[in-house]
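Just below sit the structures, each encoded as structure tokens.
Below are two complexes that have subunit A in common, paired first with subunit B and then with subunit C.
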Partner chain A sequence: MTPLSYLLAAQAEVPEVIDRIPSGFSYFVIPFTVGVAFMFCWLGVGLIRLLADIPKEDRIKFGKSLFIPKVALKNIKELFCDCLFHVKIWQRKPLLGYMHSAIAFGWFMIIILGHIEVALFVPARLNVTRGGLFYPIFYRYFVWMNPGHTTLRGSFFFFLMDFFLLYILSGIALAIFKRFRSIVLGMRHTTKPSFADRVALYSLWMIFPLRLLAESFTADLSGGSFLTIPVNQFWHFLFGDKLWFMPCWWAYSICLGLFFAAMPFSRYMHILTEVLWILLRNAGVKPNHPRKGVAEAEIYACSSCGLCLDACPMNVQKKNLKYSSVYFIRFLRRHNEKKINAIADKCLMCDKCHALCPVGVDAPALRRAQRATVNNTMPYNYAYLDASGSVQPSEPGRVHSRFAAAENGLSPESAPADSTQPCHANPGVLYFAGCMTHLTPRIIKSVEKVFKAAGVEYAFADREGGICCGRPLMLAGRTDAAAKVIEANKQMIEASGCKTLVLSCPICYKIFKEEYHLEGINVVHYTQFINELIAAGRLDVKKTDEKIVYHDPCELGRGCGVYLEPRAALSQVGTLVKASKEYDESICCGGSLGSLTLDTHDRAKISQASLQALLSGNPETIVTACPLCLKTFSEAVSRGENLEQHVKVKDFAEAICP
Partner chain B sequence: MKNNILIIGGGPAGLEASAQLQRMGYNVILIERSPKLGGHLAKWDRLFPDRVPADEVLRSLLDATEGVKCFTDTDIRAINRLDKSYNVRLTNGITVLSDAVLVASGFDLFNAVRKEEYGYGIYNQVMTNADLEAYFRTGEDRRIENPRKVGFVHCVGSRDEKAGCRSCSKVCCATAVKQAIEMKQAFPEAEVFCFYMDLRLFGRHYEDLYLEAQKEYGVRFIRGRVAEVSENFDGTLLVKAEDTVASKPLKVTLDLLVLMAGMRPSASGKALGELLGMNVEDDGYFAVRSGIAAGQRSQQPGIFLAGAATGPKTLPETLADARAAAMEVDRYLTEVFPDARNYKQLVKERW
Partner chain C sequence: MVDFGFGLVPSSRINLDLFDKGKYEELAALEPDVRICMACGSCTAVCTAGKFEPTSLREAIEDIKNARADKALQMLEPCQLCGKCSMVCPRGINTRHLILSINKIYSEK
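Our next item is the complex of A and B:
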């Protein structure tokens, strides 16, 4: 056996690498080149269209953001962590994370290293007119290693190339395995691939094994390392001296071409779109339409990884899988109007899919935007906002009630004589219970008890009822109606002259914090406020050995990032036990206002799943800090289906001050 | 030979059925898990629509059960089906071999604590229809002290998907009207409001009761659900509702709020159903054999159902149901049960 390369006599001063084919071209590169060129054209046009759809000021904001050092740094970090290393998937499912990063990072490295090799050994070929588009990809085909002159530097690259090829192959092997046995990787559900997905998927599976074949066939010509050389020797052992390597290179090129041509129509589009989405996201531009502009980058950034399927609480029932974010996004891409609306309305807006999405796709926000396209145009009656006269900003310290007293022929005495309610000249603390808390009076009672025990001077903004905070309208996509309500409440709160606004409902808390822009007023959730009272020694609490599990309400936890304060306070009155899903993985109680169409039966199933997770540590008491969760869990526990142990359900304030 | 018949539940349905079957010559064993016979009827003061004393009705039901073997404070421990009969072990240690079983386990009152927005168990001045009946019986309740304004809330825990009950409880509209009148009789100065979704006064004389309440007693009927209730400093209640006739929100301060808690499937009935392997429908009440003509037959041969165990019923309906059940039991025990050779075939055809 005489390897071909030995036919080249070793000479001094000959280069390490010889550009074997003077034209630098071979027909087999055509499929790849066509595929990749097609993809670039498609993407270029898409990018221009997308940017054109973004409002001008957002476009300028986006352009500027790229040059702000802080944002640029964040961009780089996220591009590496999210696009290449897939850190977020690693954190949730290590094996899956390995798979994604092996393919993404491995491929990235092979491309980079290929270019470096060309730059080092045959720099002229980097020029596009001399094959720059394909040469670095098929480098090993075009060169001859000069055997006597291989340097350490050369071997180093051989080693790296083989190493990353092996790395990718291990990822591909896992991917193939996953298709058939997704359970092993910790995913209960995987997404159904479309036709383009399939083309791209199968060619992706083939690309790297073919590369190994092609490179190993030519390894005695163009060099190789621990992987390609032994395989090459194996081929020689099998087939003798003459190795017909052309078919392999053709196949390799065809698979690459197919993959890139199918890419814009497949889920793999996300690999490139994610880059744009990260840049847009970090620039702070938000989608204002469910499909156009920024949203387009966002929906094409979705990798259809299916992590949101497992995240979604609706999926305790298999029939609800179709309402998951991944399908919502797929239908948005396909402009399937009817299905989009049905899916948009179903979701609980618990935000879990957003929190767990490795790409950070904010599907709930897209659903809100979608709802707005339908619901914002509906007629809406604002008459009640000024039903009982407008607020009186001239009278600080008085909180005005808006409810029409004794209408409809009821005797006027049936309401208190004065419907404005006096409070302290400067109340300092203003408590706004909100409509949900008014439906769970034990929360109001407990909060007032806590305030009294801690000697907090406060005014009660809506003791006799107020108007809605606006968040439910917002969730339903009634953005304009919400804006009206917000304005009315804002006037009332600013007129009160308070310094701190305490809210016992996370739904109110989120919108007061994010949309009200109350200058100089500290907006806090009662868990934070009460925790501070305890920390400051103003509220005495008694530690018992009651086993408590804390439920993270969606709007408070994922919605506002408040996880620690309630736990800190509760650990002062009892022993906290863990839930099997908590913090940002907490499961919606099922009562969420977010869904417009989910029926009681489906909700009950979700409540059961949520309860099950909470009960995993055998607590005596479930504590929650949201009126809606409180109501939902109380109901679910009293229905008592499939519950072995008996648990109490308490509100946070109730647990602190029994 | 006299067949043994086991009747489970000593409420109006169980009592009436025992009396009928006893008269037909069967050997009736009636068991009641509480210490007292009478079921819910024993808790009521006067009955709609005529406001006759509940005790009188109960007395006549009890009188008719002369000779029935009665075990109070007794439930079922275990039950198994033999060839045709049931071998039943009771919690008092006795074992009964019974040829037919009639389940008359009745209903439970909806637990009003679950509708937290109405404040039952949280605010002092909130009570249920059952509490008010108890007050009329005993004249004692710390919540009632010459109230000036009283509200009745209809459909508490009924017709309310969120409370897990889609259907109407049938009896509470009439009860509310009846109790509103009784309240006016007891406290003529009081203003009385009824908050309803729609009034389901379907029975004979019910409409008369409603007109009487409006004309003679000035009870105010407001169409609209109560949205929420809060407590004022002085302990009175602030009730917010929507008047859907005037389509306006309204607010009223009350001294007393009475919740018309509805009928729910009985919890001990459910446990019993599990022992017997009996199916319940989506609403939680026992399923009857099938269709309109199925009457009082359950899905298991030899087991019959009567009264509120198969859904909300007024007293006259309950009693009629119990009599019909007695007829069905009799027909089964005379036509199907004795024919040992063709029993299986007959059950297939006739059950």
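Our next item is the complex of A and C:
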């Protein structure tokens, strides 16, 4: 370590660095300067357009958020962790994380250090009119080290510059390797680069080796360290005194220029856009269009890293790779309307790509917005829902059962099984089964059994069938129609006077939690509710040695973050075994309502992949907490394709109260 | 009583001269499943909206084949896209997409 006092004392009389070229200019800087200037102009215009597309309130909200200390701290943390260190990639694929952070952080440091060097040794050159744009980048070309006057401070910078150059070169080597052998870095699929991507990619590969060449050729003039000096001596050994440094600096500058000129049209745009996206995201402004405003920052923040390719359950079949989020985003950028719609409609909305995306791009939400551009204007006629205000069945014999609970107030349907057990712990419980649960009545049966066993007093909102929760409409992009359905359900629930709303379908649960805004009503999924009953000792469960694997339904796990409660409850009745993909990596059962166009054959393939992941720990029973998963898995298991072992498929409530 | 979508309609006259083959092919290109419906009525039996208003995918498909696309559209207007029909369809028809596609093709004037 260099002592600080020594560093300070090093301010010698004789200049350590001499500005070798008085004009501070050489023709070779032109390609770089043009490229970079073009990029800045392009970005400036883009930024203004983007901000203009954001609604005014959101713009104000965004502006204010930058000055809220809490948000600012979060911004700084995320800028470092996500943009420079790529922590999220490290966590999943360490080698890939190293590659990304080596290039990003290494390059960032070289730029910063270059500027510091100029600021310390030739401060006048920081001025834009005196070459400030290119001088710090080509610093080593323009200066001459005064031999015998190199201070420790100078050597320290030489060392750092070489160190970070080596660091980047190691990242580049991995990147080149990854292009050809992606599996080594833990990726089965990588993205196909577009033309601009290729230009940027190849120039990026060339930039740093050329920098090493250029700097090593000038190392005996302008100094160097453990990397550049030995290479310089090697050149002397090879070529004698005839050193080719002009061609190298030219090539280096051309590659930089090409890279920056191609950048706005390539995946590398994300390097800069990610900054804006993080700021917008943390300000809490949401995209309201699949491509304009906030969404534009979001789609240009995608680095085309391709992590969503392996994440996507559709990709068990290679032919579906083209429907992945990374391509969706690419076509959004290119305004290719036809392809955008086809991709938007295919997705299962399982949210896995969003959960695993290192940049936090919410592609499923963009897909929903895209579907809305097509489907939201379709006609619908929900006049029958408006009749709800009067709570009058439209014709005799047709029971508007969804209003039954509201009409009668909360009439308890089951008396407490054990009258010594007080039930005011759960005052006013309303159970809403939902459409899907009505097609799998075994769930209703078990839930009622559990309620009875625990002595829960409850009302059944839709015993004879109600209306839809609105989530399927929402997923199809029919936002306005969904709002109608939501309003009708909301009235019914508020009129019931319940305090707790229990849902057995994760699809319902998600939309009730996010869109209903039910004041004073605790909305819970039955896994949470039953887990609480067990924890409070109200429900007696028997532990068996049945080996159970729990499947995380998309809407419940990734959708609502409920992972632990079902597991806690299930571990009371059996032995939980692990699935090879679980929690936020769980694979969609294939039955999702999210996809509009996926056919039965493709869905069956997904179910199979999902089953295989679940069966990796040799369980006897698969337990799920979603009526759709239950039906899908039951069918897949009974088809029995590629299943060696025989497994049962049970609903969560069935598993708790057999 | 659950309305299964069967029954006598006041006038059952069908004028196939009016059948728009071009549009039907467009629909079938968008959602080929329309061709494999066997008119079993399962979709109608479970229909969520059908509890309140006459809603029937079975009838809508028949209406289209019988050159009554206007009736088909009306028949699907109350639909909530809940997906129950797709869960019960014995032919594995992607009913939700079919409903959306019918709307897309036939509501264009």
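Keep in mind that, in the parts below, the second predicted complex is superposed on the first by the 603 of 658 C-alpha atoms of A that agree within 3 Å, B and C clash if a C-alpha of one lies under 4 Å from a C-alpha of the other, contacts with A are read in each partner's own complex, and residues count from 1 in each chain.
The rule is short, and it goes like this: a residue touches a chain if its C-beta (ideal position, glycine included) is under 8 Å from a C-beta of that chain, and two chains touch if they have at least 3 such contacts.
Computed from a predicted structure; not experimentally measured.
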| item | value |
| --- | --- |
| Touched partner set for A:T600, first subunit B, second subunit C, both or neither | both |
| First (subunit B), second (subunit C), both or neither touched by A:P379 | second |
| Which of subunit B and subunit C A:G465 touches, first, second, both or neither | both |
| First (subunit B), second (subunit C), both or neither touched by A:L439 | both |
| Subunit B versus subunit C as contact partner of A:I343, first or second or both or neither | neither |
| First (subunit B), second (subunit C), both or neither touched by A:E635 | first |
| In the superposition, subunit B vs subunit C on subunit A residues touched | C |
| Shared subunit A contacts, counted only where both subunit B and subunit C touch the same residue | 384, 435, 438-439, 465, 599-600, 631 |
| Subunit C contact footprint on subunit A (complex, rising order) | 345, 374-375, 378-385, 394, 397-401, 435-436, 438-439, 465-468, 470, 472-473, 476, 478, 481, 485, 593, 596-600, 628, 631 |
| Subunit A-touching residues of subunit B, taken from the complex the two chains share | 111, 114, 116-117, 119, 122-123, 149, 161-164, 191, 220, 222, 228-232, 238, 240, 243, 246, 248-253 |
| Residue ranges of subunit C in contact with subunit A within the complex | 1, 31, 33, 46, 48-49, 51-53, 73-74, 77-84, 87-88, 92, 94, 96-97, 100, 103-104, 107 |
| Subunit B-facing residues of subunit A, complex | 384, 387, 403-408, 410-411, 414-416, 435, 438-442, 444-445, 463-465, 599-600, 604, 631, 634-635, 638-639 |
